[in-house]
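First, the structure itself, so that you have it in front of you.
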């Protein structure tokens, strides 16, 4: 390992920006806030690029010990940073996409009163995310993990005046708590059994243990607990419910945190802990099953959503499911590859959606859009590229990574592949549905007036939205850059170059066997590739037919499906299920036992009883407090006499 | 040469007179004067003990007591004036709300 | 010197001093009438004796023979007691005032020209004069008349207020001399020069003292307690005959005391050039110098009274608290700094 | 000599203190207290505390008591009323005082041979007092000066008329103008 003294600067720079803007922002000018908010992450990005330029797949990891933190007995956890190939990919994605979204935010949030606050939160998020990525031990990673949760909470509830935003923030935070609880238990188990949280030391100890082929041992437990944490952060079944609600936040936040970076932290964490998972095949299976189910489940919900951001949110959940599917198939590099491309096109989708929302004055319901192609061409074309990319049509980025995952999944178990390919079809369908509903046909928005839309969205422009209009170039610039990346980003995976780059991290035995299989059946691979391309075009065609040619058909189909359609529209009643299964018993139990029983019956009764008794005693003694000074003096004199008598008695005795 | 306890008895008599004054007097000002009388009684025992132990600190204590008494008199009399202004009486038995 | 001799000498000194003081008081009144008349271009008393010199005697006889009215509504005990209180404290204050150096009494030994010398002489003078306020305050209260009461209130408020400045103006002198003893203070000035000429600290102290002293003795321009244009005659409105005369005596005795203090503290006491080697002259000259200086201050009193108008009451209080007190404190601090920074220069011995 | 002077001043002292209790007019009580303080100054002088004696006269008799008398005159305090506001003061307080003083007296008489003091036993010269005050007790001295400053400000604030009270006072003055005279109106 090599020491790199510049490593600590990457996370600390955004922190500096957040601090400066957070403290001084209220009185600074917009220009100053913008400069600070952009320059610090910008420098961090350049620094990351500079480090990356000297880093190849053969390089030894960098590390930097910044400061001592916890040293208790043999246990040791320091503020140390660590950079290997895996971290580098994440680092580039986070700083690069993050920086682009910062630029985008300057345009998107320009009119908001909380501009400085927003920029400060974004920078704060960057700090925690980079800490998470660059951490050298699980504890520092946990700091970043919790920190991004905090930033996410702050940004979801950014328009905290709105009740739904505030409660969405709380929902995200509380749901994440469940996941964090699992993560913490995993950390405790590690401390208990390995005595350390340092990645290299933990993995070194894990490597010496036998693979737990049957039953639930220590490593399986740790792996499952880590997966609980990852499911919370990365919105997997059963903890995905917070992510769609998190769309209450400003759109750049949805793009940065809830699509491109933070939600992928779970994937990163699982990939980082691959050694543990490789020694616990049971946990790995759980990861794969959860990922597959989530991918399919979320995709089906996505079909019926009408809110443009909700569609994208369920799409995100679904894509994250793909990544877990890959991890579960022990194809960690495929998962990370998809993570990266997904960051490009999903970030782009959200930013384009933001641009659309911006252009139509805060409207998010796709039924009230349509025909926007001629009003905002740049947005349309970039979004079209992203849609094609996510649908998995070559040669766009999504095709390469998704195909890689599907191929690896097929090698693990063909059921994964089957569900995955169906999901790919659904994905293609609902993404093109979104595209057609938004950009084609006639504009179905409200008549031009000054009073619509703005209040709901929270930002208010100086002029009314007479008709949809294109966004400013400060917003379109990042769109174009991301569109370019969505087109060409997939080629880094051409001929498994990406996988080889990550080999130093993931070169454990399992992936080697996967390599053999992959090389052994190239014809099968090409067949599967053809199927997935066909499925993608099939989805496109169906969307074209239903939402462009025969607009009357979807309603008829929905009516004929009846209950099933209702269930999909209502997201399979999962929120209601949770409410009745978990929240209601909890509330009822708390009410009956804790509130009525313990609090009122025991604590309040004690306190009230004490108070009542005190009142009785006081009622007797209060007559001493007549307010007459002379009677007070009388009591004092009597008391003095008593004291003197006591002292004399003690003296005599 | 006279015994120390002569002074202490005198001091005690003054103090008890002060306490009794506090107990039986109705006029706030007189009660306040009783307090001063108690302070003086204590001061006498301070000085007597200072002479007995040949320690000047006792006299310094008396000095401080006097200073505090002066401050107390200033504030106390101001309070009495304020009370009189609102209650228009100096009888403590009629000032039993203990506020202005 | 045995105890008997000491007692006899003390008694003789006391009687002599009190006699001189009372005479001085009587003739101060004459002086006042004479000078005021001159200032107003009149003659003043001329009928009784040469230059009216027997006028005080005639006045005294007149006061004694006047009807002594005691109004039925007064609070009798205090009404009678208060003039006595006033005059007793006024005369007692002279007891620690030295008016000359040490003289030889031949076979009887030596003695100071002073009734008694105390370590804390200055404090005693201050204490006794501060008690003087009771006479005036109680007179005003016990008369049971609104003019008297107002006069008494004014007197007590004014005297408490100016006593602070008075005391603070004396402390620099004590610091410079390093003693409370009046004799030591005078001797300290004999070695250096008079405190008045110790510019600016001593000079400022002197003027603060002078102004406060005028207020303490209720003299114009601070004679608010008896302001005749508002309060008829202030605290002694209800008094007549000898009781009134006692207040009069008390006021003039206080003036003499204050003049003596000014002389001792700021004008070098009895120090002055002695033009002869004759033992008797050497013994007498200091007393002469002392009397001359006191006379100067008495004259100054009269002069000021007939020159300056009376202050308004709020002006009086504002002047005392907002100007005189800060000046006195600043002067005290500066003097203390001076002494602390240059040790041995001004400290006696 | 010492005993005679002690008894003389002590007698005046006790007489003044008792008179304070017996007199019903506050101004008489105040004057009794002045007498007590003046004779206490004599007792201090007997014990050699000459500086304290002077200070006792200047501060207590000359300043504090003048303030009392000033307040009595200002508030036109009349004779004390015989109001029965508190039985506790008589039923509990007086026996308490009696018991306490009897106990203390018993203790004092039981240990009557412990010590004695001679006349001018400890001369408290200003110089020595100053040494103690400005060296050993400098901090208490400064703290006390701050206390005095606070007391001055407190007195000014308390005694100055607040707006509301001033207005109320004006109203009541319109109704009935109390005549400001000394020595109590009831004597007329």
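Going in written order, the chains are labelled A, B, C and D, and every chain counts its residues from 1.
In this section, a contact is a pair of C-beta atoms (placed from the backbone, for glycine too) under 8 Å apart; a residue touches a chain by one contact, two chains touch by 3 or more.
Because the structure is predicted, anything quoted here is derived from the model rather than measured.
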Subunit D and subunit C - chains in contact with each: none
Centre-to-centre distance between subunit C and subunit A (centres being mean Cα positions), rounded to whole Å: 93
Between subunit D and subunit B, distance of the C-alpha-averaged centres to the nearest whole Å: 5
Inter-chain centre distance, subunit A versus subunit B - centres from mean C-alpha coordinates, in Å: 75
CA centroid of subunit B to CA centroid of subunit C, Å: 33
Sequence positions of subunit D contacting 2 or more other chains: 51, 55, 63, 67, 72, 74, 85-86, 89-90, 93-94, 97, 104
Residue numbers of subunit B (touch at least two other chains): 19, 23-24, 26, 92-93, 96
In subunit A, residues with contacts to at least two other chains: 626, 628, 630, 633-634, 637
Inter-chain touch pairs (all): A-B, A-D, B-D, C-D
Touching residues on subunit C, where the partner in the complex is subunit D: 73-75, 78, 118-120, 123-124, 126-128, 130-131, 133-134, 137-138, 140-146, 148-150, 152-153, 156-157, 159-160, 163, 167, 180
Subunit B to subunit D touching residues, read off their complex: 1-10, 12-14, 16-21, 23-27, 29-30, 32-34, 36-37, 40, 43-44, 47-48, 50-52, 54-57, 59-60, 62-64, 66-75, 77-82, 84-86, 90-94, 96
Contact set on subunit A toward subunit B in their complex: 626-630, 633-634, 637
Complex interface listing, subunit D residues touching subunit C: 27, 31, 34, 50-51, 53-55, 57-58, 61-63, 66-67, 69-70, 72-74, 125-126, 179-184, 187-188
Subunit D residues touching subunit A - in the complex, by the definition given at the top: 85-97, 99-100, 103-104, 106-107
